[in-house]
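Structures follow.
Shared between the two complexes below is chain A, which pairs with chain B and chain C, respectively.
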Partner chain A sequence: MKAFANVHPAACMTYFLSVLSVSMFIPHPVLQAEALLGGIMFCATLQKRREALRDLGFYLPLFLMIAVTNPLFSHNGVTPLFFLNGNPVTMEAFLYGVSVAVMVIGVLLWCKAYSEIMTSDKFLYLFGKIIPKLSLVLSMALRFIPVYLRQARRVSRAQRAMGLYSGKSFTDRIRNKLRVFSAMISWSLENAMETSASMRARGYGKKGRTNFSLFRFRSSDISLLAACVFLLAVTLAGASLGITDFTYYPRVGIIRTTPDALAVYASFGVLSLLPFIMEVKEAVVWNCCKSKI
Partner chain B sequence: MKKRISYGIMFLLIPAVVLCGAFLFPAKQYAWISLCAAVLSCVPFFLRFERGRVGTSQMILIASMTALSVLGRVLFAPIPGFKPVTAMVVITAMYFGGEAGFLTGSLSALISNFWFGQGPWTPFQMFSWGILGLIAGLLADPLKRSRVMLAVYGAFSGVLYSVIMDIWTVLWADGYFNLSRYAAAMVSALPFTAVYAVSNVIFLLLLGKSIGKILDRIGTKYGLQMR
Partner chain C sequence: MELLQVEDLSFRYPKSERDALYGIDLSVQSGEFIVLCGPSGCGKTTLLRLLKKELAPYGERSGQILYNGAPQDALTDAGEIGFVRQDPESQIITDKVWHELAFGLENMGVPTEVIRRRVGEMASFFGIEGWFRQRTDELSGGQKQLLNLASVMVMQPKLLILDEPTGQLDPIAAADFITTLQKLNRELGLTILLAEHRLEEVFPIADRALVLENGRVLLDDAPRMIGTRLSEFGRDHPMLRALPSAVRVWRGIGSGDPCPLTVREGRDFLERNFNSRAEELPVPEAPHDAETAVELKNVWFRYEKDSPDVLRGVSVKVYRGEIFCILGGNGAGKTTALNVIAGLDRPYRGGVLINGRHIKDYKGGALYRKNLAFLPQNPETVFVRDSVRADLAEILEAAETPKEECAPRIEKIAERLGIADLLDRHPCDLSGGEQQKSALAKVLLSEPRILLLDEPTKGIDAFAKRDLREILRKLKSDGITVIMVTHDVEFAAETADRCAFVFDGELLSVDPPQKFFAENSFYTTAANRMARGLWKNAVTCEQVIECCRAEAGKK
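And then the complex of A and B:
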């Protein structure tokens, strides 16, 4: 599972940025649908069925909400479906709403996949060389959070033992949390100063800091990166030639089916389905290996 | 020389990226440009921090203030909109200066979204919390002197946060600045804006003095140079 999680961070980041930039900024119905499909397939390989069902309960209402409310804001378009309070509700506005909904949900799904795959250690691995101080601050803050959470639990248990309960009421809950929070602040800042003293003592600032996780750039990463760059280049070339231009107002445009347009659709389709394809390939190889035993 | 090359790259690369994007994505060029602006406006602060002579203790103080504000966002997660993040950013800025405030704000947004989900809104959150910290750093003296000013700034920052975040929503959905959708987004976000503003005021008034005392004490105890 998660063949994509083993990809080198640089290839991974390039991949996510290219899919996200196309799906966020090129509002063409075919590309949007492909991005949504790719996002659904990717998230399906990442999630358990229960999680996926719960997500469906979130995304479906969101989809309906965006698609249905757009005609209420926008009365552009030439094909009125019906009139509401004297304002025309047009087919174009409705279709535009659907396309915005597809785009928003596609991007949300891709961001979800990004959060699952690009964990913070990969992020730091990528940026540690370029911005060493900042990424040290980032990694320290990330390290502090679990430590502080543990300490916050300790503080809250101690306060409970002292008889400082929190009731069910809203203000009481807030007051309780604030008490814990302000105890945390002085503890953590004292702690921070000690950490800084010990960092100085251990020679912070010398060369040769190492990363928590090591990633090797394998040949599979090179081929993924090459495929990603090539497919993105084809898609963007299509965008720069105006093949992916599409208008909803005043009249819904026509989806082109010329060979060059089909090439653009195909290349973005493959790009957005790459993680799913890799996953399937992995599963097939695994089954082959198993059957050989 | 190296510095000059990197500045050259910045001056050439940034307009190139913005223009290419505007050319490639004509339907969404405003959304693209605003996203670029949000990302790029954080860069000078990060570079200044990177280049500057920052002591370990200052770095670690920023890290722990960031961790605390993320922790606050996590602790108060069950109550929607009611978060101490802005208050923590403002307090950091008041006592450690605007640059520290900017860094704490933008890093808090980045880190807490590892839990709450990254998305196109991340750069905008980084920018708005950062800029709130920066302004608080500039206004540090009046904010420290009067509680009324502090409360006013808390309310203002709640509103500003909403105003900045909704610009993206509209630009992205419509491709241009649709005023009626912006108004609708602002109205539908009104309860949240109100909660942001009220929670900022509450947290600033409750925490401002006590955290300020702690920070002052730590400053004297460890001989830190504040600001």
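And then the complex of A and C:
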């Protein structure tokens, strides 16, 4: 959590988009396996052990389900393993199922990591650069929602304590919801007036508004961005040269082991393991520092 | 140097029949700390908002406002005059603390690096570092108000205007806030104009006090002189009730000594003039009949399965027809205890008996029919209609009252609580005290035998408090049991029959106020802190004055 969470949002976003696009659009077994491995390692650094175990209980059955479902319904391929109700279950279909499962689980894990790392303020910051007004509006909305919900709960409790329409019948419940809602409309308008007065009082509406953020673009972000772009470029070059083409039907293709192919695998491998490597480096540095004290 | 000058300012709201302000003259010197006081509706807020161009209300106005010797309209920098209002919640604009601090500077077009430094400087001055990256909706009321102040201060104003900033805060947060204002004034030389109705802490630190009444400046003098000069307007001017306890006692005795302002000065004054030692006032027996209205039996409560206990084995009996006050710090469990009695929260162990019957046995709203009524901390949550009258009518309709009875009953309750002229207003347009009374009228229409009040004195002034006290006494004489939770020790001392102190989820002591406060040494009224060396159990200003008079009579 610590190492990658401090990366500048722009570098962070570039990184996530690179890994996600490769793992989603280049269906090559080695690259997919690397993406999955990277995803697992990344999530492992973000989570506590208990959470990780709980997640395993979700991802493992999902994996098996996807891997098994494909050969049951798709009978393409030339190498039958056995027959089920007179239909062949082929090795090619099975391997394709496994590859899809690896891809899906990998992407899910990367999305999970994304949502942990790219918090709302980072997202807002990035989009605020493009549309400054939007980021302020979103920030205000993010404040308003919890405040609104709290007030709605207060109104609803106050009405309940007066015994008004608090019965369990359907009409009572609908009426109660409507009443609370109508009270909340006048409350929201009132609140909006106050907020706009507060904005005016602090000089909102003048020209030349700037956008402040706590994020700094540091030299480490430049290195990360450069590494990310380079590794992605190598991977994409390999893809455009057809090195990463791979087919399952009618017969499973072979995984190339030429030097250029190995270079592509290595590049994407490093790319997907970057957060984990950073985390390990951080831990090692930390331990060194500690032992010096 | 004269920072602000108001000359013959009059103002009238559109469609209003009378002026909200008449011929106000005011001059503010740079570096002054001025407190503005007066009853609700006297024009304090109107005056303050007129001083800040961006917030000025619409209406007819005459006279002029000069800032730094130039007309107010010439001022283009919104950051020059800072403004903080009462409600901590609605002034916050963004979702993160750091963003809120930066908001004003962003508007002024200040570059990022400069914002970073100024925000950092302010955050450390106000002690915000610890919650700098937190979400704004997770802060406590006191923190929110401090954030509002800091986000105004970050724009480096020359004049700070505050409109009852501590109205929604508990006493500890309020005292902290006032201390911060004092620090700003003393250490940065900031000019402060503060409207306030809790004068106990503010009076001793202000340079000047301005008393407003019906849109006119009644008095403009040093705080020490206000007590004396109010006598010019009659022996029993209502403003006297809002003054600090030391001033009230001093006035009540009618001494020739200089006016004391703080508890320390008040105690010196009393000890100089009176020398009775440790004489106790007779404590009246708490009047109650033996019948129990509400009983808690070993009540345990927590909000979630894994969360800590909020109530830890609370047992108490409240008798019929008494006013029972629950006091205690923030998060001690006061409000939770009240919610449990109101049937809004269910204890996981122990029982609640309402009129001798278990609370679980009241089914389908029977608990709230002619039995128990609850007035929440935010009275605006009681209203759901467009007018007070419609809101009041609704509760009668729900009780299936015949149509022809509705109107007279509404008139009667409105008369009784003094809200007859508010009936056709929108609940949102009422002031804090008016909202409180109207909400009380609504819950009283269900003809309760037990009335529960959560922080009824929050955000209302001394006059509204007196009204509330009179109403509660009347209810009591009708045999209604009142249970209230409050931070306001003065109000509890003057109103309650018995007080209970809650700490860490437990009920520590239950006694009549005179005994209750006499046993405490910090958690007691200002009057008691002044006089406890002489008369240990004189807790209200009236009691102290009475003791002094009796003492003087003996001589």
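Points to keep in mind about this one:
Simple rule for what comes next: the second predicted complex is superposed on the first by the 232 of 293 C-alpha atoms of A that agree within 3 Å, B and C clash if a C-alpha of one lies under 4 Å from a C-alpha of the other, contacts with A are read in each partner's own complex, and residues count from 1 in each chain.
The working rule: a contact is a pair of C-beta atoms (placed from the backbone, for glycine too) under 8 Å apart; a residue touches a chain by one contact, two chains touch by 3 or more.
All values derive from a computational prediction rather than experimental measurement.
Shared-chain residue A:121: touches chain C; no touch with chain B.
Applying the stated contact rule after C-alpha superposition, one finds that A:203 touches chain C and leaves chain B untouched. Looking at the shared chain after the overlay, A:190 reaches both chain B and chain C. Of the two partner chains placed by the overlay, only chain C lies in contact with A:157; chain B stays clear of it. In the superposed model, A:179 lies in contact with chain C only, and not with chain B.
Once the two complexes are laid over each other on the shared chain, residue contacts for A:213 go to chain C alone; chain B is not touched. The residues of chain A shared by its contacts with chain B and with chain C are 120, 136, 140, 142, 180, 182, 186, 190-191, 195, 199-200, 204-205. Put simply, chain C touches chain A in their complex at residues 52, 54-55, 77-79, 83, 85, 87, 89-96, 98-99, 102-112, 115-116, 119, 133, 135-137, 151-152, 155, 342-344, 364-365, 367-369, 373-374, 376, 378, 380-384, 394-395, 398, 426, 428, 442-443, 446. By the touch criterion given at the top, residues 120-121, 136, 139-140, 142-143, 146-147, 150-151, 154-155, 157-168, 179-180, 182-183, 186-187, 190-191, 194-195, 197-214 of chain A touch chain C in their complex.
On chain A, the positions that touch chain B within their shared complex are 20, 24-27, 66, 73-74, 100, 104, 107-108, 111-112, 114-115, 120, 131-134, 136-138, 140-142, 144-145, 148-149, 152, 174, 177-178, 180-182, 184-186, 188-193, 195-196, 199-200, 204-205, 236, 239-240, 245-246. Contact residues on chain B toward chain A in their complex (touch as defined above): 21, 23-28, 31-32, 46, 49-50, 54-57, 59-64, 66-68, 70-72, 74-76, 79, 82, 84, 103, 107, 110-111, 113-114, 117-120, 172-175, 178, 180-181, 184, 206-207, 210-211, 214-215, 218, 221-222.
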